[in-house]
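Remarks on the structure that follows.
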């Protein structure tokens, strides 16, 4: 099956993006990434400690995996832009996930500031993936501004609550041309599969893996689920019916059978 | 991962059971079974035409796959018992899925008659898997009667509506010791994964595969989803939270960063 | 609006049935009943202490309200039958809600035993309202046995979880002719309204009122919600659409307006 | 119960706001308003034809009801501002519901433009009620800008799909101090009640009433449901439990009873 996802000129076979926060032990990260088959991982720039490799999350990311720095900690466009520039200068490449969060209870993103930062960073040559509340109108503006993908949340960051905004994400999938990557909220593999069945291009998972009993096993579960959902989308789901429809014949055939026909 | 499911003394690696009805072309069945990795398939005895191999669904089932005849068409315990005996006599082995459906609109099973048939057939040495409305009290009685598994419906047969009875299935999973296999209603891989995440032992799928645009691709999707859900169950799902919880640090670190610390 | 519900020959204007358990103070019961406008209340026979009026729940039920004893505590048909006879002999009238619960975790009813008790008590002249898991096949048998209504659960007793079995209740509403009264699980007025919108004939509420901050205020809320749902059912709900449909004109009329047309 | 809602200095007893579009016959409107008990109705300025009273929707609105012109048809802040000014100049009072909709498929509002229009119109002395996608960050900005209330959508306009954005609306209710009025999507009284139970201050309904089989009966149903939900909110909902909790005593009391104790 040739079904690559192309973002920023990079062709990806895996449709699972992994976050690197919250792991009980950073030494798990290489195995988690391997089991997840992720080809892109996101890291908070704060965790990129260039002076101390042991404390630097980059040290735990295998060769060949695309690092996507995120701007978490930014509360406005200017801060996000500065973080993105620092990341690039530090050698983290030119991808950036814009995450601008002024709200400290639900960690909801500021869609307006995110759009502003996207406009600036696209012009500076970044591959920009904005994290947003799924808002079709902002989605269109982000696409027009040159975003490489749009990353709507399913539920608050770290909540494991699932696709609570599914109706809004569906609009993005139907109406936009850029890839839609669900980011935040997905708490279990079935939810990742459901996002893919809807036509999302990929999903980003972090908390659900990092807080699982066995993060490595859960990473593998997500890899399988994302592939399952993608294949189902490509295969075409059958129709949902209000009433039952027999899979097997129902009419009384017993007499017939017993007569040896 | 050694995680076999044992039913009737048979050890199964796959937790996906496949139905064989409704396929647009029976010649698809061998490839669908292969892609699904199913080790058990259910067939309506009506479709077992011994006189004509071309018309006999058994001809399309690969060697080594357990055939589980079902009693579809039966409207009471006596009819189900007779069908089960005919199936065994015809060489279909000693597994039987009891399906007793007096209702022609929603195809709801008759739990009482199903219990009666289970009691009779267990005594006759069958490996009995009853298909039921998920009813905890009947579930206990079926277990006491010697059922090899209990097969609750998620939604009406052929409806592709999903796990509409999840709250009731959960009770069976928590309270019974026999394997719980969701049968009927599952319309997409994400729903199969969700059933497995809940702790179900396996799922049976038919319509969702047979009515997919590409049944072979969908069979593969279900195989992956069932494995994903099982692995997630074993790995242990992380907690669901009411509020957000940051994966990445939020405090203003920008000034610090720009000062080169 | 002439829209009475007739059960056992009694014509009821109110479609809210009230339970009398769990109240923090029994002296609240008369006010709760008054605010709820309920014309039928159910009482556990255990609470009918004939020797001590202060301890007898019947002392708190206003004149003119139908008392429907329930058989809670019964674990099989025989026990339920004996409780029903005792209740009638004690002057509680000839209505009886059959509640047979062998399961102590989820308090799930035994549908088979409930059917048996219904068959016996109908023959003895009782107005029988069986409490069941919503099972269409059992529902038909109860109707055939002469049940005055069928009372399916929405969720476990006392859980306030809502209409988790809505898909199964819908089948009863569509396929049976006796009144369907949702009993157990309803935790908030919106859920009572939803049951009525589906075409249920009435709802029984207890825990949601008894455990509310202000039981009297909550009783009034349920009375209003049940009436709202019933009126909506009678008025005919509008169609649900996949996409938007403007309520107001969308085309650019501003130029026109400003030109004074 | 003294429980008024104060908006723009006006004290309202009713928490149901009515829209006036889509009615099959405008002569129904006065009766619908009367049955709904609505004290505020919204009208599209386009429908305000001053030259022809028969064609002017204002002719159908009873004395004493607050008219809230909406800016439907506007695609940007400037258009909304111009419509608001025209409405005030035409004698429609100083309330305005800002509705800016550039999307023609889902009719999703432009939150950014809505914020801009709010800022302008508040300064001009309008009582401004902005219609938005429920976005907590925009909600805070609207509150800071002086919006009299925030009106989040539950689902696309005219879809009757219900509270699909409930998780997002809940954030507004918890975090903002201005009244939250759900506008768009509510298709049935139970959904209106649910919005009120969540703590919303009011709901706006149009399509659900206008497309009902009997709009006058449905208006009454919504009036009751909104009151039910509000009273439930004030009374305090009881806790939701994972498992069952008996309302009635379960222990075997039968022997005791039959011994006459």
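Read from first to last, the chains carry the letters A, B, C and D; within each, the first residue is number 1.
Here, a residue touches a chain if its C-beta (ideal position, glycine included) is under 8 Å from a C-beta of that chain, and two chains touch if they have at least 3 such contacts.
No experiment lies behind these values; they were computed from the predicted model shown.
Chemist: What chains, if any, are shared contacts of chain B and chain C?
Modeler: Common neighbours, chain B/chain C: none found.
Chemist: Using mean CA coordinates as chain centres, what's the gap between chain C and chain D in Å?
Modeler: 30
Chemist: Can you work out the whole-Å distance between the CA centroids of chain B and chain D?
Modeler: Spacing between the chain centres: roughly 44 Å.
Chemist: Which whole number of Å gives the spacing of the CA centres of chain A and chain D?
Modeler: The mean C-alpha positions of chain A and chain D differ by 34 Å.
Chemist: Residues touching two or more other chains, restricted to chain C: which are they?
Modeler: Within chain C, residues 105-106, 108, 161 contact more than one other chain.
Chemist: Could you classify the connectivity of these chains, where an edge means two chains touch, as line, ring, star, complete or other?
Modeler: ring
Chemist: Flag every residue of chain D that touches chain C in the complex, lowest number first.
Modeler: For this pair, the touching residues of chain D are 19, 21-22, 44-47, 70, 72-75, 79, 82-83, 86, 99, 101, 104-107, 156-161, 187-191, 193-194, 197, 206-208, 210-218, 220-225, 227-229, 231-232, 234-254, 257-258.
Chemist: Going by the contact rule set out above, which residues of chain B touch chain C in the complex?
Modeler: Answer in residue numbers: 102-103, 105-106, 108-112, 115, 133, 135-138, 140, 155, 161, 164-168, 171, 174-175.
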